[in-house]
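These are the structures, in structure tokens.
In what comes next, chain A is part of two complexes: it sits with chain B in the first one and with chain C in the second one.
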Partner chain A sequence: MKRLEKKTLIKAAVFVALAAALVIVSQFLNNYYLQIVIYIFMFAYFASSWNILSGFAGQFSLGHAIFIGIGAYTSTILYTQFGISPWLGMLAGGVLAAGLGILIGLPCFKLQSTYFTLVTIALANIMLLVVQSVRSIGSIQINAAKGIMIPSVEGNNLAVMQFVDKKYYLYIICGLLAVCLAVCQWIKTSKMGYQLAAVANNQEAAESLCVNSRRLKLKAMAISAFMCAVGGSFYAQLIMVCNPARLFAEALSDKLAIVAMLGGKGLVFGPLSGALIVESISQFATAKFANIQGLNLAIYGIMLIVCIRFFPDGILPIIQKYVRKLFKKKERASK
Partner chain B sequence: MYYETLILGLVMGCIYTATALGVNIIYGIMKIVNWASGSLLMISMFIVYGATTLLHMNPYLTLLIAIPVMFTFGYFFQHIVIRPLYLRERADSNPVGLLLVTAGLGIALENIMLMIFQSTPRSISMPISLTYVDIGFGRKLSLVKIIGAGIALVTVALLWFYMNRTYSGKALRATSQDREAAQLMGINVLKSYNVAFGLGCALCAIAGVIFATFYTITPAVGTTIGSKAFIILVLGGKGSIGGCLLAGLIIGLVEAFGGLFFDSYMSQIFCFAIFVLVLYFKPSGLFGKSRV
Partner chain C sequence: MKKKLLAVILAAFLAVSLAACGGDSGGSGDSGSKETEKAEKAEETQGGTQAASDTAADPGNAGGTIKLGVLFPYTGSAAAVAEDAQKGIEFAVDEVNSRGGIKSMGGAQIELIYGDTQSNEEAAASEAERLISHEGVSAILGCYQSTVTLSVQNICEKYHVPLAITCSTGDALTEGPHPYSVTIHEQNMDTTKSHAQFISDMNAKEPGAIKTAAILRQNDDWGQALGDGWQEELAALDIEIVVDEVFAMDVTDLTTVVTKLVDKNPDVVLNACYFQSMSLLTQTMAGVGYEPKAMLCSSSGETDNDFIPTVGNNADGFFTVSGWGEDVLASMPDKAWIGEEYIERNNGEHYTAESAAGWAAAMVICESLEAAGSDDAEAINTAMRALEIPEDSWWNIYPYPISFNQETGKNENAIPVMGQFQDTKIKLIYPESIAVEGTELVFPGYELSPVYKNR
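What follows is the complex of A and B.
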């Protein structure tokens, strides 16, 4: 018992130290590098939310851009046309996306794994095409392929989530990421997490033990969609424009899956480590060679092939293994 | 007007069938959704472009270059990357890793080409590219598209012949039906898989040559055409060549008439909607055998 308390204390201390380090480091970075760091954490966040459905529940989705786009569009439309703060719009988008997620999940969860993946891809494509072709729904302007610009306000305005100083964006996304990881951790260690793992491993066996797989998957889908949509609102506020080609793109959905797969899918901190490694490499490569188009995604593709070929469980388990080995050596030495 | 749309739909349907054949063969035999097929098609379009501009070859003759190159590529990609994965993933019967590997290949190829060639649109000009032939009732259709449809139909016929009448084709089909039994009959299953993947890539090359003759060549072209291939794959049912042709014709017609009555966005939405509905109500495809 005492040992456990010590462990949680250490964890809390590490957490506080990380937060402090983040605040201090963010003071010294200029907006350009801050942007890169924000992107890294944002993809960690998206991939973590993706991980709830596709990692924990084993329902491999390649259409999560739907939820990101829904979140972004909802908060932006509410803000630009009804004057509602993006903070509320974020939640509204989240609820909307969760509802849509359940609607998608109801018929689709009966499909086999590969077919489910194909359906999500097709749905994302339909969504992209619909948004690209519709100019307005009733009195709500969507502007088809042009997208919606978010009018900028001066200075740092917390109420409308617009900051000239990028470091506030960094704080927000880190807060979101922390919440997301906490939710993941909670799911993983609760009864639901074990049931989800059982369903992901062998659905028939899980069902024979009275696990309601359908409801569980729907729950996972709703949580995952909600989180993605909240992140989507943040993304829209960050880039100040809602553009279907950017928010509903297949490349975005693929990216989430790739980041999470590389880090270690089904692990709580897998997507985070994946984003830290992959996204930082690709972002800095793009920053260094800005004139070469497509470098960013080419790196993603190659890393994906190499990763699945040589370490299919992701990077995090390997790191953990080495860390454990290191500690064991130390223990032996001290003995 | 309907007549012209009908013919155009049928011609495009044949051409789409050619793009879907490669995916279909690979899925039918190995149960792998080859997500890279669009990019492979794009690569072969660039091969055609290179051969016609640098070597001044006839675009149709470049088939002789594109097919062997893509076959070799597919054969060795399967041998080096997919085979170990395949052997590993048999155990947990979750082919997502394989799907992602091919997706990764697709993304990598597309973006590497984007790095090299930028997104400048290119196209091939031939003496016959602007020729239009009379198709009756005073309507005209571009000659290259008709030739393309012809090549596609010949490919379908040859592939059917290969799969049903030759020894190695029969071996491939046996492998797809029952891996263990095929192995017991003395078929080298893993080598069959290499051949199947190579064959799938070679079929992509043929489709690439057809498209290169009338389509704009950009690194992003694969995604546009490739998504059609998956719709046809699901619609036609796995591994059935005839079903693939029928599904291709259906998609061609849906696209042509959707474009006539609505706009191009709507026709694409229709295609995807059909895809989702078929997946939901009849996952084995309209013309496929039901799941065993």
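What follows is the complex of A and C.
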């Protein structure tokens, strides 16, 4: 019991130290570096949300941009056309996406993994074409391919989630990421997590032990979709425009999968590690080789090939292995 | 062992990446401190705390270097356009630098800093932040796709940094107050109006020649804006729209669309297509032997340098509404050297509408710097909005003067010109004032087409 308390205390202390470090560091970064850090954490958040369904439950989705787009559009429409704060729009988008996730899951979870993946790709493309073609639903303006602009307000305004000073965006995304990681950790260590792992490894075997795989997967889908949509609202507020070609794009869905798999699919901190690698490489390559056509993407691609070829389980397991080895050596030395 | 080695290499690369990203900010000497100073100034400006005296002309950078940001989609399907615009910008900057730089600032030289929008708003916003906060640019030029430009326009307005919009024609860019951006060339609404005027003039010449129309467009904001404009204009002219088709940017087969055209046989086809779909459409139409009386394009795919090498004579007879065409220079003999030098610089490549837009945007910024006598963003912006560039200015290759609406930043003098592909070259034919002597509009356009010739 005492040991457990000590562990909890250490974790709490680490958390407080990290939060303090973040606040201090953010004071010294200019807006460009803050923007990079925000993107890293935002993609870590999206990939962690994706990881709940595709990592923990083993249902490989390449259509999660649907939920990001729904979150972005819901909060933007509520704000621009009804004057409702994006904070409330965020929750509304989350609920809408969770509902849609369940609707998608009901028929699709009957499919085996590869077929499920293909269906998610198809659904994302259908959604993109629908949003690019629909101008309005009743009195609600969707604006088809034109998308929706978010009118900017002066200064830092918490109520409408718009800030000139980027560090406030950083605090919000860090808060969202912390909640997401906590949910992931809770799922991973709870009964649900063990059942999801069993379903992901061998669905028939899990079902023979009375695990209701369909219900579990629907739960995972709802949580994953809700979180992605909440992040989508944040994304829209950050870039101030809802462009369907970006928000519902296959490239965005693929990026979530790449980030999570590079870091370590199915691990709580895997997507965060992946985002650190992917976004750093991406931003560096873009900043340094912008005017040499395609070179930034080539560098990015080569790094991805290296990672996938030599670290198929992700970077995090390798880091963990070396950290453990290091600690063991220290323990031996102290003995 | 191998994995260990690779892990070390990867970690080293990441460390170098991050260090390199940060390396510039800590640059040695003056430039490093100047960037920090500019970033600080930009941040102060956003908070509205900048003192009025800061905006006063300060030739402190006399004889130094002025940084301008260039933001375009250097990766992806729009990279060819970016390359053309970049060539125009570089040509203009080299020209100004070789003529002694910005004279009011003691001959300060212009340096271009590039950013890749990757055709998406998030990357564009991030790059705009980098150019302003980290590189300390005094103004930005860009960014082609209108929604991407909108996100950069937002950033520029927050930082109070001037943006010379280049190659973006979205009407939203000039709707409402935009105190820190200007557009030099035509916008979508000018294009649709020009098409409508052309149809109306043709009907006046040959009554009843154009009664039906087809609209073909990409499913993005640009295509949608043109589609909406055409619908409105054609309704006013009482022309029936018999085909209205939308397709994806990366479409690989347009047979169904062309079959519809063959079936409905519209008199005029209005299209908004990027290079890939424009080439595909041209080849598919030639393949089935279909040609409308007039094929009206919208200054995109058909003006790409690779279009004619791809389709050859199959585009002969097509019309293109464009912000600019090489023939404009033919009607300005004293500026012919601009086209000749461009070809020489770029191994025989010809000036495109995008190169012209890049050239003009860079020149507008340089003129603003000259007028402001300072690299302060606010001063440049004030000078830019007050510019009055006459049509006969030594560098103005547009057939109209350049000045900006104080509220929207739009150059209201901008009119699109119209050309026709005649034997693989675009000949400017409309409005008649810019048509080169000896060039005649061949109408209906199909008399030029290979299909017609083979009959």
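General observations
By our rule, the second predicted complex is superposed on the first by the 321 of 335 C-alpha atoms of A that agree within 3 Å, B and C clash if a C-alpha of one lies under 4 Å from a C-alpha of the other, contacts with A are read in each partner's own complex, and residues count from 1 in each chain.
Just so it is clear, contacts are C-beta pairs under 8 Å (C-beta built on N, C-alpha and C of every residue); 3 or more make two chains touch, one makes a residue touch a chain.
Note that the structure is a prediction, hence the values are computed from the model and not measured.
By the document's definition of touching, neither partner reaches A:Phe327: not chain B, not chain C. Legend: residue contacts after superposition of the two complexes on their common chain; A:Trp186 is shown touching neither chain B nor chain C.
In the superposed model, A:Leu129 makes contact with both chain B and chain C. Using the contact criterion defined above for the overlaid structures, shared-chain residue A:Phe15 touches neither chain B nor chain C, since it reaches no partner. In the overlay built on the shared chain, the residue A:Glu154 is in contact with chain C alone; chain B does not reach it.
Once the two complexes are laid over each other on the shared chain, residue contacts for A:Leu297 go to chain B and to chain C alike. Of the two partner chains placed by the overlay, only chain B lies in contact with A:Phe60; chain C stays clear of it. In the superposed model, A:Thr114 makes contact with chain B only, not with chain C. The interface of chain A with chain B overlaps its interface with chain C at residues 129, 132-133, 292-294, 296-297, 303.
Residues of chain A touching chain C in their complex: 30-33, 35-36, 39, 129, 132-133, 144-147, 149, 152, 154-155, 164-166, 235, 238-241, 243, 245-246, 277, 280-281, 283-284, 286-288, 290-294, 296-297, 303, 306-307, 310-311, 315, 318, 322. Of all residues in chain B, only 33, 81, 84-85, 88, 94-97, 99-101, 103-115, 118-119, 219, 223, 227, 230-231, 234, 263, 265-266, 268-269, 272-273, 275-276, 279-280, 283 touch chain A in the complex they form. Within the complex formed with chain B, the residues of chain A that make contact are 58, 60, 62, 107-108, 111-115, 117-119, 121-123, 125-126, 129-130, 132-133, 250-251, 254, 257-258, 261, 292-298, 300-305, 308-309, 312. By the touch criterion stated above, chain C contacts chain A in their complex at residues 2-3, 6-7, 10, 13-14, 17-18, 20-22, 25, 39, 43, 46-48, 70, 74-75, 79, 82-83, 86, 114-116, 118, 120-123, 125-127, 129-130, 132-134, 147, 150-151, 154, 157-158, 172, 219-221, 223-225, 246, 248-249.
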